[in-house]
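Some structures to go through are shown next.
Two complexes are shown next, each including chain A; its partner changes from chain B in the first to chain C in the second.
Right after this comes the complex of A and B.
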C-alpha cells in the first residue's frame, strides 16, 4: 500500500520542479488544495468561470480522481492466488541459483527447488498492476523488455495488442541514457518499463534495469529466484521460465492497460458533457 | 573568406571530395564539408585542405549523422528543380510541359560539355529524390508517442520484418509441422536474394552483416516450408530476378542484298583496331580483308587462326563468305577485332544454344585490355628505373 501512495505524489512533486525534462502530462497533475477539490467532488460547479480555467480544472479532475482510490481500476479481480498457482508462478530455480536478495520472497524449498511465496507475489502483483494502470490512464509510454527468445514473439504481440511498445532484441548501449543522440533531440523516453525477464541471455541483469534507474524511469519487473530485485521499483517475485506463467503475465498486463485506457476514454467523454449533467456524473463516478 | 565548393557526397573518400557536382538545383552554400577540415595558413587568407580519417569505403551509407535534410529543405529543392526545368525548356526552345528527364540530360550535356571520363563526375540535373538520400521522417506524433511499436529498438522496420516472418513460420509450423515439405523450387531459380545494400536502401536503416544473415536465414526457412500465397508474396518481395546472360546478347538482324543473298554485318574492336565484317550465309569460305585476300593480308599463321576460330568452333569452316574492313591497331589487334565482328555477325545464322556456347567460349566478349599508360617516375607502365644502392 505505502509505496503506491507515496511514490506517485513524490514523482509528481519532482515533475513540478524540473519542468523542462519531465513529460508534459505530469505537469498539470499537481494536487489542488483541499477546499476546491472538496467542492469538485460534491459536484457543484461554477458556470461563470472562463474557458481556459475550465479546461485546467477538467484536467485536474480527470487526473486526480483515480489517485484518491487505492484500487481505482480494480486489478485485484484479474487474478487470485489459485490462478497464480495453476500457472506455476510459485516455481523457482534450484537452491544453488538463489539470489541473496530474493530470500525474503521465498516461501521455502522442496527437493532443492525454491518455492516463491504466492501471498507476497499477489500483493506485489496488485501494486504493480495498479501502478501500470495509472501510468496507462495518464497516457504514459510503456515499454515491455525481455531478452528471452522463447517468449519474444508473444511479448511483441502483447505490446501490439495494448498499443504500447516492446524491446525484445539486442539492447544497444546508450538507448536510454543517450537517446537524444540516437533518436533525435525531441524524443520522449518511456514512462514505465516492464521487465518480463530481468536477466539477459548470459544470466546477467539486463542493462535496461540500471539505465532506467539512471534516467528516473519507474520499472515493474518479474523477478525469479536468481534475479536481483534491487533496482526495480515494483518487483513481482514469480516464475519467468514456464510458458503458462509468462502467458498469464502478458494477459494481465494487456488487460490492465486496455482497461485503464478505456477508463480514460470514458472519463474524457464524461467530462465533455455540459455542466448541467455534472451533478449526475459525480454520483455515478463514486460507483464506477 | 572564400569558401571553395566541396561535394557533400555520401562517399567520404578523398577522391570524390575533390570532384565537383554542379547542379542547377543546388547552390554552393548548401554543401557541407563534413569530411574535410579547414585550416588557416599562417598570417594569410589561404585555406589548406586537410582530410580527416573518417573515411567509409561503402558508398551507400544511408542517413549518416552529418547530413540531416529537413522536409522543408527537400520541398524547396523540388520547387527549385521544377522551376529550373521550365527555364531549361525555354532555353532549349522546347515545350516546358512535355520536358522529360532524357531531354534534361541531353540539354545539360549540350550546355555543359564535359570531357571527364567518370560519368558520375559530370554535371547532372535530376529530381532531388534521386540525389538526396532517403531519410526517415519524424517518427513520433505531437504528443511524443512514436508511431511504430518497435521504435525503441533502433531498427523498427528491420525488426518488424523479422517479427512478421517469424510469425508466419510459427503459423505454418502449427498447421503443417516443423519439417520442410519437399516442394518444387519454382521461383527460386532465376532469382537471387536481395543484397545487404539493397535491403538497407529498402528499409532506410543501417544493418549489420549478422542482421542481414539472420534475415536471409529466416526467409529461407519460410520458403522451405510449404506456404500459401500470402507467404509467397512476402518472400518474393525480397527476391530480385537474375537476367540470363545469353538473353542480353544482341543478335543482328539478317539482311538481304540485291541478289537475294542473306548476310549480316557487325562491328568489333580490339585495342585500337576497329573492324566491320559482312558475313554471307552461303559461301565457300573466302575471306577478303580491306579488298585483299586474307592470306595476303595476314602472312602470320596466328592471325589467320584467329580469323578461323569462330567457324572452327561451330564446325562451319568453308560454309560462309566474309568481307571485312579494318583500320587501326597492329596485326594482332586487327585479327582480334575481325574475329569479334565475325562472331557477332554469325549469331544471326545459328541457334540460341550455339550463341550461348559461343558466349561461354568468350567469342562474343570484347577484350577490355588496352595499353596501360606510362607513369611519371617510372620507365614504363610497370617498369621502374634501375635501382641504385648509392
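Right after this comes the complex of A and C.
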C-alpha cells in the first residue's frame, strides 16, 4: 500500500534518531561477535532490563506518530467534490423544511430546493473521516446509528464489513445512559457514534445524539438541511435521502475504518515484536 | 467512571478536559488526543433553536441563471417539450436545453430583439427536426393526428374541440 511504503522510511529514520532508547543489540547488529546460533550473545541482558520502558515508548510512538501528520490515513483521496456531486450529496430538502442552524452550510436555493455547499461538505467530510480513522486506529468501538428503514440493511452490512457495530432498530430508552443496568456492570460504551441519519422516523432528532453528548461520546453525523447539527461533534452537511449518497457514505466509512485497522496492524508488526524474535523476524519481514 | 451529563453546557471536549483538570476523571478517553489534534470547524456546543419572527428572513440566496429567462419563456409557450426527460442519464439534453443553446448561439451572432430570437430559435429547431407544439391551443397529439399534415391540423383541432365540448356536458349529466 502506497501510504505504508511512504510511512516506512520515516519510521525507520525515527528509530535511528532515538537510537539511545532502542535495546542494545540493535546498535551492535552489524559488528559484534556472532555466536554459533547466529544470535547476539552480548545483547541478551539489555532488552530484558529496558523492556517495560521500551513497551511504553513504543505504545506512545504508535499512538503519537499518526497525530503529527495532517492526513495520516490519506482520506482526502477517497472522495472529491465531483464524486460528491455525482452521488447527489448536494441536494437538500425544500426551503420550508430548512433548519435554522443549517443555513451556514447551504449554498443557495434553486426553485425552493436547498442546495448544500459541497466545498464545505468536503472539508467537513475530510475532518470526520480523519477522526474516524484515528479512533479505529486506536482500537475504538464504533457504532453506526440510523433509523431510516430504506438503508437499514446496507448499514448493518457496512458495519459487519468493517468489524464494527450498528444499531438501526428501535433505540430503547436508557441504552447509553443506563447501560450498566441493561447490559451489566462492566460494559464498554462506544468510543464513536456515526449517524447516517440524524432524524428518526417522526422527523425528530434521534435520541442517541443527545445521549452521546450526555455520555461524552464524540459523534460523526450526516446532517441534511432539516437536521440540527449543534450537538454533533463532526457534522457532515449532505443529503441523507438518496441511495447513491448513502451508498457513498457507507463505502467511505468502511474504507477508512479498514484502512486504519490495517495501518495499526502494520505499525504493531513494525514495532511491537518481542526482542528475542526481532532479529529473525525483522530479517524475514524486510525480505518479504 | 466519572462523567458529566450536561449536554447543554459546553462541548464534549470542554467537559472532559475540565473534569480531567479537576482530577475527577482519571483516565484519558480514547478520542481525547485525536480531538485535540484535529478539532472540528465549529465547537459542538448546544444552541437553542429559536424561530425567526416578523420580517427577519434567512440569508440564503436564490440560485438563478441567465438561461432561466429563456427557459421560462420556452415552458410557458411550449410546455415540457416533445421529448420526455430521462433523469437516469447524467448527460441528457432535453428539448428545452437545446432550445436554450440555440437561442444563445443566435444571440451571440448579434440579434437583440427577444421575440425575433425566440421565433428564429423555434425555426432553427424545426430545421433540425424538433417539432414544438404550442400549449394553449387544444393539444391533439394522438398518433392519428400526428400523421396529418401541418395544414390539416387546425381543422382537426376544431373538430377535436367540438367533440370535447359535446362530451363534457354528457359526462357531467352522467355524474349527476
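In the analysis below, the second predicted complex is superposed on the first by the 222 of 288 C-alpha atoms of A that agree within 3 Å, B and C clash if a C-alpha of one lies under 4 Å from a C-alpha of the other, contacts with A are read in each partner's own complex, and residues count from 1 in each chain.
We take it that a contact is a pair of C-beta atoms (placed from the backbone, for glycine too) under 8 Å apart; a residue touches a chain by one contact, two chains touch by 3 or more.
Small disclaimer: the values here were computed from a predicted structure and weren't measured.
Chemist: Given the touch rule stated above, what does A:160 touch, chain B (first), chain C (second), both, or neither?
Modeler: In the superposition, A:160 touches chain B alone.
Chemist: Per the contact definition in the header, classify A:82: touching chain B only (first), chain C only (second), both, or neither.
Modeler: neither
Chemist: Looking at the overlay, what does A:103 touch: chain B (first), chain C (second), both, or neither?
Modeler: The second partner, chain C, only.
Chemist: Could you tell me if A:231 is touching chain B, chain C, both of them or neither one (first, second, both, neither)?
Modeler: Touch status of A:231: second partner only.
Chemist: Please name the chain, chain B or chain C, that touches the greater number of residues in chain A.
Modeler: C
Chemist: Just chain B (first), just chain C (second), both, or neither: which does A:217 touch?
Modeler: second
Chemist: Using the superposition on chain A described above, determine whether A:175 touches chain B (first), chain C (second), both, or neither.
Modeler: First partner only, chain B.
Chemist: Which chain A residues lie in the overlap of the chain B contact set and the chain C contact set?
Modeler: 139
Chemist: Could you pull out which chain A residues touch chain C in their complex?
Modeler: Touching chain C: residues 63-64, 67, 86, 95, 98-101, 103, 106-110, 114-115, 123-124, 127, 130-131, 134-135, 138-140, 177, 191-192, 210, 213-218, 228, 230-235 of chain A.
Chemist: Where on chain C is chain A touching in the complex?
Modeler: 3-7, 11-13, 15-16, 29-31, 33-35, 37-38, 40-42, 44-47, 49-52, 58-63, 90
Chemist: Using the touch definition up top, name the residues of chain B that touch chain A in the complex.
Modeler: Residues 138-140, 143-146, 149-154, 159, 163, 166-167, 170.
Chemist: Mind pulling up the chain A residues that touch chain B in the complex?
Modeler: Listed in rising order, the residues are 23-24, 139, 141, 143, 153, 156-157, 159-160, 163-167, 169, 172, 175, 182-184, 186-188, 190.
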